[in-house]
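Common to both upcoming complexes is subunit A, partnered first by subunit B, then by subunit C.
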Partner chain A sequence: MQQQEKTAAEIAELSESAEYSDTFAKQAAIVWRRFRKNKFAVIGLFTLLVLYASAIFAPLIAPYSESGDPNSDIFLIDMRPIASRYKVMLYDDYESFESFVVILPERGQAYYRDVNHVVYPADPEFLAKVEEQQNWLYDEEGEPMRFAPNIMGRDELGRDVFSRVLFAGRISLFIGFVSMGIAIVIGVIWGCVAGYYGGVVDSVMMRIVDAIMSIPTFLLLVTVMSLGRPSIMKVMVVLGLTGWTGISRFVRAEFLSLMKRDFVEAAKCIGAKDKRIIFRHVLPNAMGPIIVAATMGVAGAILAESGLSFFGIGVQPPAASWGNMLTNAQELNTMINASWKALYPGLMIFITVLSYNFMGDGLRDALDPRLKNS
Partner chain B sequence: MATLIEARDLKKHFPLKKELFAKEQLFVKAVDGVSFDIQKGETLGVVGESGCGKSTLGRAVIRLHEPTAGSVRFDGEDISGLSKEEMRLKRRDMQLIFQDPFSSLNPRQTVGRIIGEPLEIHLGLGKDERKARVEELLALVGLSPYHLRRYPHEFSGGQRQRISIARAIALNPKFVVCDESVSALDVSIQAQVINLFMELQEKLDLTYMFISHDLSVVKHISDRIMVMYLGKAMELAASAALFEEPLHPYTKALLESVPLPDPHRVVSRQLLVGDVPSPINPPKGCVFHTRCPRKMDKCMSEVPEFKCVKENRFVACHLY
Partner chain C sequence: MHKYIIRRLLQAVPLLFIITVITFIIINTAPGDPVYMFVSPDQMDTANLDLIRAQLGLDKPMIVRYFIWLGGVLKGDFGLSFFYRRPVMEVLFESLPNTIILALSATIFSFAVAIPAGITSAIKRNSAFDYASSTVSFIGVSLPSFWFGLIMILVFSLKLRWLPTAGMQSLDATGSFFNDRLRYLILPTLVLGMGSMASKMRYMRSAMLEVIRQDYVRTARAKGVAEFFVIGKHALRNALLPVITLLGFIIPSLVGGAVIVETIFGWPGIGRIAISASFNRDYPLMMGNLMLSSTMVIMGSLIADILYAVADPRIKY
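This part shows the complex of A and B:
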């Protein structure tokens, strides 16, 4: 009985799911219903929403500023992650002629660091000696300064990694999105025209693509970026203008194979114009790979930006991007003693790329009516 | 009876990719000078082996393939010289139904959209009018109104072919080319679809050009039959007359090759030997002379004329 009810509901959903209506809102509702069934895709979408939201609201969420506070940061270089509010004392050991920074969290173990940044847990005996000196880091009002938690630690200039990850997200996500948007628009139009008209048009257009592809992209990027002052806008435009060739190639390939299908000839036969054939018949069938490529492309653009930043011609310090945060943390010493500086920006890139891929897969399936019931 | 289609000396040559340093451009002569008329309301069957140019001929007649030479008059009007846009508007009167019902329907569109599209393009009907008309068409081809919300992959081959038919007749065309339209279906479904074709012909006053390699199907549906071989018409005759008394040696061989469902009947079969020659470089003279059991010297040098030998009977053979 229950089984029957379920199938009845399914039939209702089915008949509703593929409505005759072609309004965008209803189509979108159908796609969303199918998309929702893919758990990973939903997780990916949700993660991306969180990432974009945190990037947009970075100034509200971040406990520290992007560029840090030069008065206190100098004592807290490469500090390890700490999850509670804390105070800081400076301590000079006259016996060993060494200076220490002592971190006193409100919860958890106090620790001290010598000039080499090696961290030791502070035992009660040592803490008692420190208390004698009473050499706090003071704020403007002369009170011992209380620091907000640094949940992702601090970097080589003592800036809060978490805050910088948030601000960097603004730039990285935006660059990925916009440059891929530019690449997709150019690539799809180029591929459509070449694949649809074929013949000489196709040959000429594809030779142009070959020519562009034969230029080492990264060197081109470096050259263009070093002309004049590097800016984020320039990074996006250059990545967009060089990233479309691959997309145009497989859009064309997709078109060539779809153009041989009878339904395209059928569309010509019922008197459809070129525009209608391209946008109603061929392109929707090529949508899956385009979406997957776009999601991959966003990830690629984020990585390309980090490469540019590595050479100092991408996003300029003190502005942060995940790429330049990562490249700042590439020495072996850093990887061993302050791995958080590389870990968190890397993790963000990883999560973003993964989320885009999950979402891309889900979207591709949701857009394909043939996969509806699987 | 008025003439709907007058095709004269229709040719379609496909250029081959030119090899480096090759002196001359080679062509596949898919259709090489075929002339015929189709009367209003009749069904012309076109038969022949694979690769003889049947499908190309069907597409050349309605200019879905641009003919290399020759002319087609449609309902008295010469359509060979029409511009692309004029031809686009003319398409509502002539339709094509494809062989493979699995690739002739856009998998991303609902049946309602597929059938409604010609209405949208040519009549500019609004959504509700379109829906009403599509439901009407679905009923006409034996499907239910609720089917319009489904996608093509949810249907069987026979049902898909019905959808193709509904799309083709949506604009009340005068002429429909059926290109192997039942060949991909299994036999019981074939019968249903053929009956549907005949039913629609009666209701909508359609004229068919029915292309098939299946002689029994063509015999059943056609008023007249044209036999093709290597891009040329061999024989054109009324259906019954052709099967009763085939004149051209190729037609005879073709009819004898049909298997008979009677194990006791002994027929002296004269099966053809050898393969069909290449359409790139067809034999001189009569294209059939390489395989013809009644070959004469003349056949190797002179091209036989496609001429009227009896009333309503055309043959291209030196024997007649």
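This part shows the complex of A and C:
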């Protein structure tokens, strides 16, 4: 009985593969079924959905604004992560002529910091002295301000790292998407033209691709970005203009092999125009690898953008990107005293890129089972 | 064989030529003017600017400048660095050995880990080790190297105080010179080699899987060869062949990665020069650096192709 069931499943699998499925909906269902088998790919997809959702809804989720609050931030520079709501008091010690910022969480231990941000636990005796002065940080209504938790701490300008990570995600994720879009368009057109026409056109176009590929990518990016004024627009365009070579290469290879197939020959015989052969017959067959390359390419673009922003030649402050949030974290004393600034933005880049790679891997197996080698 | 090598060398010439054109256009059409780097703001009048522009050879039209530069390059002269006021190649060759040391140790690290790990996970397919190594390789490809570097510095240099944070050697090196250098080399090697290690591990695994399926492996097993020799002798040799090609692929990622790693770890190589040259608008140095790096990439893939042809008698050239 069990044996029979298995055979039936195998038959179903067989009939689904390749030729039997002709409609887009059917194919999508098959791809999804194969994709679903890869647990890591599903986790990657889910993580990315969460990341994109949190980027889109950043203004709703973020407890603080991207640029921070100039009235209170100055007292809370490089504050360590705190998981509870808290109030802040200022205290001037008239004996030692020192000023302290006292953090009073609603749950947990109160502590205070001196001007060098050195942290001391607050004992009741000290708190009593602070209470006498009643020097709160007030909000607009004149009430002591209740601060939302800073689950990822605060940065060197006292801004909430968590909120900035959310807003930075908007830029970083968006840049990855757009630049890959540009790269895909150029790469596909370039590969189509070279592969379709062949001959001299092909060799000239491919030599240009070889040349660009011989220049180490990040070196080229640094060169281009450091000249002129960096902007988000420029980052996207430059990443797009440098990222298309790999795609064009395999689109061309795909074309060369597909052009020899019978259905292209047949299309030519009945007098189909170049444009129709390219867009109707060849390109749809090359779609799978293009989608996979695009998925991996977004990961690469996000990595490259964050690298450039890290060096200060990508996204410029005050706009936050995961890369430029790390720029200030590389000083050694900030790394010791405020390691959360170095940790979280990089962690976000890592998680995003990892998810894209997982998803790309799953897509490759799902879209093109021939490539699967395990 | 000779013919093949010569043909490949000749193919590299138009490639390098296209690269000169592309990079020259990119660098010289960019907005902004390097002249302002050399004038103090109080002396900034047109006469001064024009004088400096003429001194730097920037007063001529771009095409003329390109051919002047190309003429020099053909004679082995890459011009004077704007910033250092010394020949470009002198500046670059000073720090090239440092980059090569770093790149070499990263290569050794990545191969030394990737090959055994890849083989093991291919042999023990779907085992815990296989899953672990494939997870590691995914992580390795996805780690942003600048962040990974920072975390390594934070953990191993600042918290544990095992290794130095930056630089290439101690100022007051006591004990063995080699040991001192080695301590400085560990973290940059790890960070630079991580990405290529990860990708090679997967590559090695699939190459091994491919070979294990072959008939000659089955034959070897059938005639009673011990499993150790089946893998070590019959399979491994053939699986290692495509890995040679990776030697060529690895160079672009190493040279590009060196820019980041050298900057983070204060390693005085050409990657760090690339960054500072870009920030200083040192056009000749930027051109020289791009040309040197591209040449290394092209030579790398050339050598890999030749080695492949030597190692695999099935290849006809």
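Keep this in mind: the second predicted complex is superposed on the first by the 263 of 374 C-alpha atoms of A that agree within 3 Å, B and C clash if a C-alpha of one lies under 4 Å from a C-alpha of the other, contacts with A are read in each partner's own complex, and residues count from 1 in each chain.
The definition used in the following text is that a residue touches a chain if its C-beta (ideal position, glycine included) is under 8 Å from a C-beta of that chain, and two chains touch if they have at least 3 such contacts.
Because the structure is predicted, anything quoted here is derived from the model rather than measured.
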First (subunit B), second (subunit C), both or neither touched by A:203:
neither
For A:218, is the partner it touches subunit B (first), subunit C (second), both, or none of the two (neither)?
second
Subunit A residues touched by each partner, larger count belonging to subunit B or subunit C
C
Regarding the shared-chain residue A:270, is it in contact with subunit B (first), subunit C (second), both, or neither?
first
Return first, second, both or neither, reflecting whether A:354 touches subunit B, subunit C, both chains, or no partner chain.
second
Looking at A:99 after the superposition, I want to know if it touches subunit B, subunit C, both of them or none. Which is it: first, second, both, neither?
neither
Residue overlap on subunit A between the subunit B interface and the subunit C interface none
Report the residues of subunit A in contact with subunit C in the complex, numbered from low to high.
40, 207-208, 210-220, 222-224, 226-229, 299, 303, 306-307, 310-311, 313, 323, 326, 329-330, 332, 335-336, 339, 342-343, 345-347, 349-350, 353-354, 356-358, 361, 373-374
How about subunit A: which of its residues touch subunit B in the complex?
15, 18-22, 261-263, 265-273, 276, 280-281, 284-285, 368-370, 372
Subunit C - residues contacting subunit A, complex:
14-16, 18-19, 22-23, 26-27, 30-32, 125-126, 138-139, 141-148, 150-151, 153-154, 158, 165, 206, 209-210, 252-253, 255-257, 259-260, 263-264, 271, 274-275, 278-279, 281, 286, 289-290, 293-294, 297-298
What part of subunit B is in contact with subunit A in the complex they form?
62, 64, 88-89, 91-92, 95-96, 98-100, 103-110, 112-113, 117-118, 121-122, 127, 131, 146, 148-151, 153, 164, 167, 170-171
